[in-house]
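Shown below is the structure under consideration.
Lettered A, B, C and D in written order, each chain numbered from 1.
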Amino acid sequence: MMVLQIIAFTLIAMAASFVLLRLVFGPTTEDRIVSADALALIATVVLLCLSMFFESSLYLDIALVYSVLSFVGIVALAKVIESKVSSAEKEDKKS
Amino acid sequence: MMSIEVTIENILYFGAISLSLIGLFGMMMLQNVFRILLSLVLLEAGANLLLVLSGVRIGGVAPIITEGMSAGVVMNDPVPQALVLTAIVIGVGIQALALALIFRVKRNYGTLDLRKIREKLEKDIAVSNEVSAPGSYQAPEKLTESTGANQ
Amino acid sequence: MIWVVALIVCIMLVAAVMVLFVPNMIAAVVATSVVSLALTAIFAIVKAPDVAMTEAAIGAGLGSLILALGLKRLGFNQTGGSQGEEND
Amino acid sequence: MTKYTSLLFIAGLSFLLFVIVGYLPIAENPMVAGKAILGSAQQEVGSANIVTSVVLAYRGLDTLGELSILFAAASVVGLLLGKSYSTDSVKTQKSGQAKEYKQFVVLKSLDLLFPMLLVVGMYIIVHGHLTPGGGFQGGVLLAVAFSMRSIVNPGSDKKNHYSITFIEGFAGFSFILIGVLALITDGNFLQPLLGKGEFGSLWSAGTLPLLYLAVGLKVGAELAGLLFELNGEEERV
């Protein structure tokens, strides 16, 4: 069990650090939003792993709620980007 | 000289205090109103984390009674958790209220910079009191320039 | 376990510093939601599942939703980013 | 000058906080109230989740105060933003229908997500006294479920504000009504009634599930109204 825990958390840590690099140094806003989405997925996996290693099913509900609501937050942020694009189109038509 | 061990609790306390201080720094030093709201969110989160950490016990489990639980098991303190549960929900109400106030500020003054807002506010007060615009003790030259240009 | 906690605290602090100093405002809101994400994991690690679920629902979901609506309405999405990168 | 004063204040506060935490009994605090609650909650309240019994039974009056604070915040937001919200709803109605074809994928996936959000939200609310969760978290899920479609496509919402107001008032009234019934029959405000039931089953812990249902409906209606208000037209300068 201990070996499994170490392997799982090492893989998760590697994934999280790569995504974090893209979040901090991402040149465009879209990169950052996609990396936040990926981090939300990784956090869901972390919560599921914690539920496995604590041997308690109470933590599964947190992962459920988190995964559902992170989707909603990312959709709202994507709407901001989309209205940015549409307002750019409008200004192009004006000029 | 106190020696500090690196334990999970110490790392978490360090993170909580640093988060609160980062939020406080943002609230005191930044000039954009929206970013001050984001700093307020950080400060709130740090305070909540500090409060939850005060109820953690070594080897404690979650304060939920499950079926196969033995009698002598140690549980975390439920009272700070209930307090923080309340505080987070109130925090989102405060966040929405602050956002509504920021909308009104943007509609009335057209900017989110705190210095420009203060300048325009002082000018408005002076105009409504029918006196000449006052000189600020912080930047007198700049203020008189801007008011002179408008007259 | 201690390295996991250290990594999560690192992510949280990096995102918190990023909230204050990143020039783009949308990225600042994204970083706020990342702070909430790390807090959710920390609350789950210290065995406070109720608080973790509240933070997941309100901090990560509804908070970023409200802040994104605010961004849209305040016009930080305008082209050129001149308004969004107003000095701070 | 102000900047240096602020920096000095932050440095002093950080020093103070770190020193105070260094002297705290970390992870071994005495928990005077917590121990008493942990010892007697199972017999007195009968809820498996002890945080729920603290929130609704031992500190139920505080939860009522919190609900009133949330109500005050929501109504002040409505007061500040109400005008622009009511005028632009007719204007965007047509453009919203035209936009529907553009956002086909997002809207269809939200339609698929809607029943899932409702089921998860009701599950979280109803099982609040057995598993983590409860009225606040489930209420957020319900609010998001009902307001997400109008956030993605601002012209398409029907804006039935009346039913939201009705649900909110009804939930708040029933919360207070349960408390007053307990006051009449048992002598204490918000005392759990109806017997404890079998420990760990869905119908246990007296009136706590009903109270959490009221809290969930009220929080959901308030936050949905808040999201509708905030989702207005862009501020023109």
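Basically, contacts are C-beta pairs under 8 Å (C-beta built on N, C-alpha and C of every residue); 3 or more make two chains touch, one makes a residue touch a chain.
Everything quoted here is computed from the prediction, not taken from an experiment.
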Go through B-D and A-D and name the pair with more C-beta contacts between its chains.
B-D
Between the Cα centroids of chain B and chain D the separation in whole angstrom comes to 20
Intercentroid distance (Cα basis), chain B paired with chain A, Å
24
Chain centre separation in whole Å, for chain C relative to chain A (CA means):
11
Please list all residues of chain D that touch 2 or more other chains.
49, 51, 124, 131-133, 136-137, 140-141, 144, 151, 223, 226, 230, 235
Interface hub residues of chain C, defined as touching at least two other chains
29, 45, 47, 49-50, 52-54, 56-58, 61-63, 65-66, 69-76
Could you pull out the residues of chain B that touch at least 2 other chains?
25, 55-56, 61-62, 64, 66, 81-82, 85, 88-89, 92, 96, 99, 103, 106
Please categorise the chain-chain contact pattern as a line, ring, star, complete graph or other.
complete
Please name which positions on chain B make contact with chain C in the complex.
6-8, 11-12, 14-15, 18-19, 22-23, 25-26, 30-32, 34-35, 38-39, 41-42, 45, 48-49, 52-53, 55-56, 60-62, 64, 76, 81-82, 84-85, 88-89, 91-92, 95-96, 99, 102-103, 106, 111-113
Looking at the complex, which residues from chain B come into contact with chain A?
61-62, 64, 66
In the complex of these two chains, what residues of chain C are touching chain A?
3-4, 7, 11, 14-15, 18, 24, 26-27, 29-31, 33-34, 37-38, 40-41, 44-45, 47, 49, 52-53, 56-57, 60-65, 68-69, 71-72, 76-79
Flag every residue of chain C that touches chain B in the complex, lowest number first.
1-2, 5-6, 9, 12-13, 16-17, 19-20, 25, 28-29, 32, 35-36, 39, 42-43, 45-51, 54-55, 58-59, 62-63, 66-67, 69-71, 73-76, 86-88
Within the complex, chain D is touched by chain C residues 49-50, 52-54, 56-58, 61-62, 65-66, 69-70, 72-75
